[in-house]
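Paired with subunit B in one complex and with subunit C in the other, subunit A is shared by the two complexes that follow.
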Partner chain A sequence: MNRLTLIRLGVIVAFFGLLEILCRTGVISPFTMIPPSEMAIELWALIVSGEVARGMRQTLGNVAVACILAITVGFAVGAGVHALPRLRRALDPFLTTYYAVPFFVFYPLLVFIFGMNNFPMIMIGFLFAVVAMIINTLNGLDKIPRVYRKVARMHHMGRAKTALLIELPYAIPNLFTGVKLAVAYSFIGVIAAEFILAPGGLGYAISFAYDNFDNETMYALMLFILVLVTIINMSLHAYEQRLLRRQGR
Partner chain B sequence: MAGTQTAYSRKDHERAERLRYFGDVALVIVGIVVVWQILHMLAGDVAISSPLATAIRAGELLGSASFWPHAAETAKALVYALIIALLIGIGVGTWLGAHKLSGAVAEPILVALYSLPKITLYPLILLVFGLGIEAKIAFGAIHGVIPVTIFTMNAVKNINRVFLRSARVMKLTAMQTATRILLPATMPEIVSGLRVGFSLTLLGVVIGELFSSHRGMGFLVMRAIGLHDVSTMMAVTLILAVAAVAISSILLYIDNRLHRRV
Partner chain C sequence: MSHEVHARLEGVTRVYPAVAGNPPVHALGPIDLDLRKGEFFSIVGPSGCGKSTCMDVLAGLAAPTEGNVWFEDKRVHGNVPDGIGAVFQEDASFPWLTVEDNAAFGLRRAGVDAAEIRRRVDYALGFVGLKDFAKAYPAQLSGGMRQRVCIARTLVLQPRLILLDEPFGALDAQTRLLMGDELLKLWRETGATVLLITHALDEAAMLSDRIGAMSARPGRFLETVETGWSRDRDSRMLEGETFGHITGRLWQMLRSESQRAMGHEGGVA
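And then the complex of A and B:
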């Protein structure tokens, strides 16, 4: 393990240690926050009892659907728009200001139209994630040096062959950045939606525990989501960095 | 003579190009409205109000006295949250950018925090700050502070060393170095951070208002849902979206100009 990772680990341990001390000594009251060690114990109990698994299945299922939809649609739209420069230029201001719109205000509307089921949550996750995929697809295709396309022409490659052998491999690191963001944004979208209004899922369970002053369950579930999402995001991030390094960028 | 002629024709050409561009953008907006109208005709008034009806309702809201306190509440929370995010973000970002080891240790942690669903922390914020505007401000600020920190850190890290050396040669004090050298050199990136930070802060504030709140634009949306008042719900959403896009576009314009200048 290198030195940086060790220091980083130290910082994180120190942070939780400090929280633990502040909670144990009563500087942070137990009505505000329970000590991290108790969160972990409580979380273990929830996992053993199978209570977490039910919420997790629903949340992860929705995230997976939203994410796969966002990646496929985002890639298709990105590739399509890239082929039409005039449309692309007209869309650019909308793409760059897209994330300025606080998307969750549409969520109540979606619940209203489609009812209280998984569909509105998937839609929010999808809407939140898809544009990141579109932007990164465009970025990836933009970055292909002209000389690569010239090489393709010199070898008399057709459109499909150029796309498959030249453009796609070159764009993969950027496409993967899109995938990484799509995963992170789907999580944010789905969990936030569950939080606001939902029939179930981890976000709903937290909001339910909050309403019932059940701090133990609430903090255990919070810890669970934060750890789970961090592990997923960081693995994707590490893989992305490896892809970028391999291309020497 | 020939030279001026080509200059004229190039100018004309540029103007025609720009006209075509704005025409295309207008077409996209028309396209969005048309799709909206079609959705309205498919789903009916109970689910989606028509673009015209929504615009009229938005006009009524903007003219009514009861709307403005809610808009002011959201704006106030947003401004405070942004100020906090900027102060902390620029401060911490400068430190992480200037001190190499701290930066290297912190960067992956910042990336991890950036993509976290921070909504899970909202109950904690509510328990700490109570159910008032403070909770919304804090929640907005934790959304906005991370991009500002990341952008500032990168700007300070990548600053041209010659600038700093010339500051030392001219014997500038630390304060002078900060205001005359560091700030102007990092300004474009800080504005980029502000642009991303603005979007996320607004998102944080609005999510805060959708959940356990009694004032603000988000609350208006939730109340309209409770009353099955579709046109009000969509009108408030429209006002919020248009305002967000307008502010973001202005920031984008400044951002692009600053980046071109350097």
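And then the complex of A and C:
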């Protein structure tokens, strides 16, 4: 474990330690927040009892579907737009201002189209994530040195082989940044959508606990989401850094 | 060195078409050039005179607007023929592959069997002095070493005509000289014809059998200088008087062209 990792761990431990002290000494009222140790105990109890298993499955399933859709569609659209410079010039303003759009206003429309099921949540997660993937696909493809196309031609490679064997491997670190963001945005989109109107899922469970003054469950589930998303993102970030280092970027 | 023609440019002109309101650019020619089999030929000229365009046309990477290109009696017209290898000025090593996988890239594409790939890659890496770095990634190497990876990748394909577009452009003067020695060794051992594009007059004077001096854009050959070096030469010739004469003569030809390329049309006394 290197020094930087130790510092990071130290910051996390110090933060939770401070929170624990503030909660235990009553500086933070128990009606506002329970101590982190109690959150962890409650979370373990919830997991063991199987009470939230269905909600977890539902949320993680929705996130996975939204994420896979966003990565697949984002890559395909990014590659397509990159190949058509005129279309790209036309779309550029929409892509750069995309995240100014509050997607949740479309929730009623999505419920109207797809019904009261998982699809509106998946769509919100997808809408959140897809443009991050498109933008990073475009970035990755933009950075491919032009000399590689000459090298490919010197090796008698056609368009498809050049794309598969040279352009794609070169662009992978940028594509992976897109994947990393797509995962994060899918979580945000799906869980936030579950908060609003969903009949199930972790977002709904947190919202339900909040409405019923069930601080233990609410904070335990918040801790679960926080830990899960942090672990996933840190793992993806570490792998992304490894890819970038290998390519000397 | 025989006088058999290995590659020929006949009245070659290259005009880049108008783009986004800018007028067409007449980059090259008309030029004629006969590359003799097994010779080391260099092209020198001011920046932007069409040296690289000339190489692209000869490699089949770009089609001439007018004229014909021949390699081993077959017409080249925007299609890369077998037997030509190229090393470019830019770092073209693949950063996601190790040094040995970079070197083996072309052979794997060509479906060469694994034992033969191993043999050729080992030889090429030994030749360019990268055997100890076979498992390293290009990011772990210096600029000069990465350029040697590209040379190895070209060398394993055993090209009969090697085109080099300012391959040492990014290197310091001492490393360039040493790389020049390596290049001469490669040329002697492979027996290939070499065409080197460079802006460094001393590099051209040291390495070449013949040097074509090119005018400012659109590039045309002003004169071809025969160096008269023996095949068994290296960078120690820099100490000789003849080297200075050749470099001086090239500069005499190119000085006003370089000024023209820089926009000083009238020249300086």
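Everything below uses one rule, namely that the second predicted complex is superposed on the first by the 247 of 249 C-alpha atoms of A that agree within 3 Å, B and C clash if a C-alpha of one lies under 4 Å from a C-alpha of the other, contacts with A are read in each partner's own complex, and residues count from 1 in each chain.
Here is the rule we use: a residue touches a chain if its C-beta (ideal position, glycine included) is under 8 Å from a C-beta of that chain, and two chains touch if they have at least 3 such contacts.
Bear in mind the structure is a predicted one, so any value in this text is a computation, not a measurement.
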{"item": "Partner chain(s) touched by A:Y99 [first = subunit B, second = subunit C, both, neither]", "value": "first"}
{"item": "Subunit B versus subunit C as contact partner of A:Q247, first or second or both or neither", "value": "second"}
{"item": "Comparing the two partners subunit B and subunit C, which touches a greater set of residues in subunit A", "value": "B"}
{"item": "Which superposed partner A:R159 touches (first subunit B, second subunit C, both, neither)", "value": "neither"}
{"item": "Touched partner set for A:Y170, first subunit B, second subunit C, both or neither", "value": "second"}
{"item": "Subunit B versus subunit C as contact partner of A:V147, first or second or both or neither", "value": "second"}
{"item": "Complex contacts: residues of subunit B adjacent to subunit A", "value": "21, 24-25, 27-28, 43, 47-48, 101, 104-105, 108-109, 111-112, 115-124, 126-128, 196, 198-200, 202-203, 205-207, 210-211, 217-218, 221-222, 225, 228, 230, 233-234, 236-237, 240-241, 244-245, 247-249, 252"}
{"item": "Subunit A residues touching subunit C - in the complex, by the definition given at the top", "value": "145, 147-148, 150-151, 153-157, 161, 165-166, 169-170, 172, 245-249"}
{"item": "Touching residues (chain side subunit C, partner subunit A) in the complex", "value": "56, 59-61, 80, 82, 84-86, 88, 90-92, 94-97, 105-106, 109, 137-140, 154"}
{"item": "Of subunit A, residues touching subunit B in the complex", "value": "4, 7-8, 11-12, 31-33, 86-87, 89-91, 93-94, 96-97, 99-109, 111-113, 181, 184, 187-188, 191-192, 195-196, 203, 206-207, 209-210, 218, 221-222, 225-226, 229-230, 233-234, 237"}
